[in-house]
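Written out below as structure tokens is the structure these notes cover.
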Amino acid sequence: MLRLVIRRLLQLIPTLLGLSVLLFVWLNRLPGGPASAILGERATEAEVARINKLLGLDQPLYIQYGRFLKRIAELDLGTSTQTGQPVWDEFTLRFPATVELSIAAMIIAIAVGIPLGYLAARHRGGWLDLGSVTGSLIGICIPVFFLALILKGIFAVEMGIFPTTGRQSTDINATDITGFAVLDGLITGEFDASWDALVHLVLPAVTLASIPLAVIVRMTRASVLEVVGEDYVRTAESKGLERKVVRGRHIMRNALLPVVTAVGLLTGSLLSGAVLTESVFTFGGIGSFIRTAISERDYPVLVGFIMFIALIYVLINLLVDLAYSLIDPRVRVH
Amino acid sequence: MALLSVDELSVTFGGVHGRKESTAVDGVSFDVDQGQVVGLVGESGCGKSVTSLALMGLLPGKGVKLGGRADFDGNNLLTMSQRELREMRGKEIAMIFQDPLSSLNPVVPIGVQVTEILQRHRGLKGEPARKEAAHLLDRVGIPDPTRRLKEYPHQLSGGMRQRALIAMAVACAPRLLIADEPTTALDVTIQAQILELLKELVDEEGTALLMITHDLGVVAGLCDQVNVLYAGKVVESADRHELFAHPMHPYAHGLLESIPRLDAPRGEPLKPIRGSINDRIAWADGCAFAPRCDYYTIECLTGTPALTVPAAAGHQVRCVNPVREPVEIATLETPDVTATAHGGTSA
Amino acid sequence: MTTSTKAAKIERLAELTAQNETSSGASLWREAFRRLKTSKMAIIGGVVIAAFIVMAVVGPWVAPHSPKALTWKDEVFLNRGEFVGPRGENWFGLDHLGRDMFSRFLVGARQTLLVGVVSMLIGLIIGAVIGVVSGAAATLGGAAGRRVDTVVMRITDIMLALPSLLLAASIAAVMGQSLTTVMIAVGVVQIPIFARLLRGSMLAQGSKDYVLAAKSLGIRKRRIVVTQILPNSLSPVIVQATLSLATAIIEAAALSYLGLGNPDPSVPEWGVMLSQAQRFFDNAPMMAVYPAVGIIITALGFTLLGEAMREALDPKLRG
Amino acid sequence: MRILKSRGARMATAAVAATLVVTACGSDRDKGDEGKDGGKDTFVFAGAGDPASLDPALASDGESFRVTRQAFEALLEHEPGGSKLVGGLAEKWSSNPEGTVWTFNLRQGVKFHDGEAFNAAAVCANYDHWFNWTGTYQSSAVSYYWQAIMDGYAKNEDKELKPSNYKSCTAKDDNTAVIEVNKASAQLPGGFSLNALAIHSPKSIKEMEKQEATAKGDAITYPKYSQEAGILAGTGPYKYVKWNKGDKQVEMTRFDDYWGEKAKVKNLVIKTIDTEDGRRQALQAGDIDGYDLVAPADVKTLEDAGYEVPTRDVFNLLYLGMTQSKNKALQKPEVRQAIAHAVDRENLVKTQLPEGGKVATQFMPDTVAGYTDKVKKYEFDTAKAKSLLKGAGESKLKVDFCYPTEVSRPYMPNPQDIFELVKNDLEKAGITVTPKPMTWAPDYLDATEAGSCALHLLGWTGDFNDGYNFIGTWFAGKDKQWGFDDKKVFDAVNAGAEEPDATKRVADYEAANVAIMDFLPGLPLSSSPPGIAFGKNVNPPKVSPLTQENFAEVSFK
């Protein structure tokens, strides 16, 4: 087990290195620096040149890459050209929000997706099956930002059930401990703050959940259909076990194996979903930050983020494998 | 009266959204008495497994039509509610399946798979359940049972797995045990052991056993009464000695003849049955076996032949012109299981 | 007997096995197609796609008005939130610059299809090449091959690790804005998926008995790959290709939402139309709904067909 | 057309949503409302972008000043709702005839947020602080406006910097500050009104001087003090409480020792919602009490719904830039005139730009002193455009047209639409247009500055009421963006630059405008006020052409 972890982490290093080169070569083909981003139409050519000189952006590529690697080695992701603050700080500042959102989305996706998938499979061809299958297909086919707009238009603007933007109402000044608004409230006992944060989470989370939900429903359905036909389920039935035992111990425990893997991969994809979702709901997470980084060419942030993502992606897969080896004894052996 | 009496049981698949119907079991009748071992013999596809599943109520609800009745001391299994069946299964009637590996849940320890049935039907929990489970494994001849309880199916050998399955089947001392090709997936030597084990269990407990197999060797070794199935109908039914002595239906006759004989002179060819179960005609038009039959005459094509009792009492045959001459079988008297276990491979 | 004739016999045997297998592969296809024809999903999907393609082909000719000309620009008052809804000559109303929405919708179909197909092909072709290389290397290459395989897979790992949208966005950012960029960006995202898929199914096929048999009989490796492994590995790829068309169309829309879409907004493309219209969602929701529904239905069509194909080709999912 | 807002549409959208809404029933109304109840003692205003710095001296963008303006005040201010210079922290000001010595009679009894007293010494402390900036502080990315007004520093570290025009600041007495410059400049006295040159507490300046702005890696790092409340202390009606970057909002509270009329609402929150519809929806849902940069399409909608949508006076300019060096054809006056005639500016203003928008006849809005009607006008006339092109032998003119994506500027709410309209007009006149979209920063700005865009859309928002602040930015000399060299124009423009006498200066500007429009280096399109909106229950402040709203005036109905 431990060996697996270590091996994976070692594998990570070349991945990240390769990635860094890739990104660097990419991004440095882009024109400009921070100057015009800061000064807007007030930036004259001379000023841009001077600022780039100041930042050493006029030096040859390999020197810049050297500096870049050195920074990375010092775990210094550089400074955001948008905000003039260290990228690392920007991330640590905003990442909790996105994590909170992603977790919420995943909870929705799993809590709804797995039961739905199971029921769909058990009532194959029934209206529930039809409904959830079409539903999940639409969930995959609807552009996330459009869904976000509609949800917002209906539930926030028209009905006013949910807020349209942000993580917390402006008048609630909750004490910030972990950066996870909901959690903080619970820790400090400011339950109104937690609730408020929760209410703010609903729409973005539902939006973000749409795709993973759809995938999970379909995976669960397919895999339940497969398992139900297995001999050991027949055996269990032949023992006259209660329904819930057959369902839980014999069908689900096997059917969920592939779903676990899927969940892992989906978590990665959530982060790119967050870019859209957060910018529609101006949810103060890393997603909306990245969106502006994209349009403003904030390379340090983009590079940092992509490295960061790669890291997370690998870690998640690692976790998945560990989880897998926990629930599937056959893996544990070799 | 019989413990289980199956009467004109028929199972029909399909009919739902456009798929054409197909009758797998077509009016099968037989009885199983207390402590009796009854064989259900036929090539794969003749409907024997379907029969067993029908009795257990394990056939899918949708797209399956059941006909006739199957009374298990008095009450009809076919009309029972799922809840009643759940009560019955594993407790009154237990089943052993063909492929031990796929029949065991790969991600649940053997122990749990045994104890769960104890908990269900005998209300045993925790330590006592575990003790009992260990005892059961021990009884079916699994060495070092307490350790095995913690292990997973893939860690056991084929034979062990089948033993474990048997342990589960007999856990609640059912009155009827249905074994569906319990040995087919195992190596020859193991096959013999498993059969021995079954034999013991049945003798000790007085459990009735419905042995479903294509393997006449198994039948010879185990069964008191034998029913030969072809294309969903019983074509011959007799007690073991009678059948092995005078198989009257050409199919049964063929089956027996096709067993390789240890004492057969070298070079003498085997006598397999022509064709396969697929070249058949509908029972309604005549004898389904006719296309493969050596004795087939035009009379065979005048409607479904009736089950008649041409010779010895209790020896029924569904044939217009039954075979008269006996087959010589090396293993007619007191057949030695191990010798014949690897015998019949006709299907 | 002499070795030569023996070899010949072996060859023959292997070929028989091979034919046998591939023919069974072929019959698999026939079987799948038969099942496909009976599947509701496939039929619905097929119909939708057909309609879409027809629209894409004839759209520009049947369009009642020019999709580009700001014919009615004096009738739309953006600054007063006054839009023109459906009416006699403009069935879908006008867009925010006084262009005929219906014509734009029709013509937009072609652009959308173009983006979808081209980017899918980019992903498919490059991905397939990578997949075949590492797949072949892994199945037959021995130690060296396996090394090649791992390297290639590392690379696809990297690509998979990046959130597809971000990858697409940064490509678009680097290459500047153009329709080609959009297609490349969306296509590149698909590459690792196809590569992984093809490699995976090749490995699966590679371990099949008939391949082992052929191998053990010393048939040339390239031959095995071409005549046996590939044909039998294709089915999942074809399924994925269909599904990719859907994702491509959606990704493209997302890109134009991020402002990285088709540079010339006068050229109608559903994604662009949608991202433009969302600004006026309050005043003129239908302006967004038309292209959005267009995208959703089309994507749905491809997904349905893809899923149906998958079910038809994958015996496990049948029941 | 409201019909579009039909039930049908809603049903359609609702249907799509309904298929996916899973848990949207988890909350109850009153919680959702809290923001609004809380709004009673908190005024929440939404801008379009995060501020760069809480210290106005380091800022150069409207989003930053929107925030800093509430906490900091300069020596001079513009009259509320107007563009006329009035006293700020200085009640009266005067200069010698040469315009090199500026004397300020300071307001008395003014306190800084940190309790320090405001006086002449404090003023000089600030100006000397800026003047003595070193290192990265000298980068125009950090101290743009000081350079714009005073050119350079005590010790210029970059030889390309001009020598500083700032000479000295002396505290004649407690309430009289005298600022001397080397030569008269069109930047003064306007410059003294810039919030970038607002007065900080001397105590806070001491703290600031301990911190460096650094240029590390690929970016400029602003000093820590400018990124958080704490050290910074001005004299404004509000003082900083917290900059919550995660939630994209700056929180401020009333400064109770404010010298003037105290803020009416206790708390002020300025947050960032970067999309137009995002801001609108937030207002409609009651999450915010007002926002800036209203999309033109929304103005009417909001008005009809009863929101407060005051209209600002125009103080900006949008123009169609032409780079003659990039496309030789543009060097022919006829071609430039043809383009001018081809573009239907009336329609642009009528249909696209927010209420109060005007067609621009010259390179400054009519609110700026120096605007004149005597300039040559180029009315919309496609036929004439065609013939002009023919005459110039350019009937088959092909031209690149750059426009920015994903951005909305005060003078240009929706560049893409404006681009499409202009493109359409040009094509009508037989010109072939190649669209060149680019992201606003850096691509578009760099490209236009470097003169690699034959045609492009750009504009300017005035910093203070002086003509040079407009025409001076473009036509003071040879500039790659325009790619022409015409002494007549340059001289005309520069004439006013060093003229100390205000009235003479205005005359110079008028002459310059005439000269410019004769030469027609580009086509002034429009001046349009950026829209601003407030909640139904808000008494809005006087809206300012320079977008210098003072939220202390805001109160709830």
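When the chains are written out, they are named A, B, C and D in that same order, and each has its own residue count from 1.
Following the convention adopted for this analysis, contacts are C-beta pairs under 8 Å (C-beta built on N, C-alpha and C of every residue); 3 or more make two chains touch, one makes a residue touch a chain.
The UniProt protein names, listed by chain, are A, C = ABC transporter permease; D = ABC transporter substrate-binding protein.
Because the structure is a prediction, the values reported are computed rather than measured.
Averaging C-alpha coordinates per chain and comparing to chain A (ABC transporter permease), the farthest chain turns out to be B. Should one ask which of A-B and A-C has more C-beta pairs in contact, the pair is A-C.
A comparison of C-alpha centroids places A closest to the centre of the full protein.
A separation of 55 Å divides the Cα centre of chain A (ABC transporter permease) from that of chain B. If you average the CA atoms of chain B and of chain C (ABC transporter permease), the two centres end up 51 Å from each other. For the pair chain A (ABC transporter permease) and chain C (ABC transporter permease), the distance between C-alpha centroids works out to 24 Å.
Rounded to a whole number, the gap between the C-alpha centres of chain B and chain D is 90 angstrom.
Those residues of chain D in touch with two or more other chains are numbered 10, 13, 16, 277, 281, 406, 439, 443. The multi-chain contact residues of chain A (ABC transporter permease), meaning those touching 2 or more other chains, are 138, 142, 149, 153, 157, 295, 297.
In chain B, there is no position where the chain touches two or more neighbouring chains simultaneously. Interface of chain A (ABC transporter permease) with chain C (ABC transporter permease) (complex): residues 11, 14-15, 18-19, 22-23, 26-27, 29-30, 124, 137-138, 140-146, 149, 153, 157, 222, 225-226, 229, 268-269, 271-273, 275-276, 290-291, 294-295, 297, 302, 305-306, 309-310, 313-314. Residues 154-155, 157-158, 160-166, 169-170, 173-174, 246, 250, 253-254, 257-260, 271, 274-275, 278, 281-282, 285, 288, 292, 295-296, 299-300, 303-304, 307, 316-317, 319 of chain C (ABC transporter permease) are the ones touching chain A (ABC transporter permease) in the complex. Against chain B, the residues of chain A (ABC transporter permease) that register as touching in their complex are 230-232, 234-243, 245, 249-250, 253-254, 257, 327-330, 333. By the touch criterion stated above, chain A (ABC transporter permease) contacts chain D in their complex at residues 31-48, 50-51, 54-55, 57, 67, 71, 76, 78-86, 90, 93-94, 96-97, 108, 112, 134-135, 138-139, 142, 147, 149-158, 160-173, 176, 179, 192, 195-196, 198-199, 202-203, 206, 209-210, 213, 279-282, 284, 288, 292, 295-297, 299-300.
By the touch criterion stated above, chain D contacts chain C (ABC transporter permease) in their complex at residues 1, 3-6, 9-10, 12-13, 16, 276-277, 280-281, 295-301, 347, 350-355, 357, 405-406, 414, 416-417, 419-421, 423-424, 435-439, 443.
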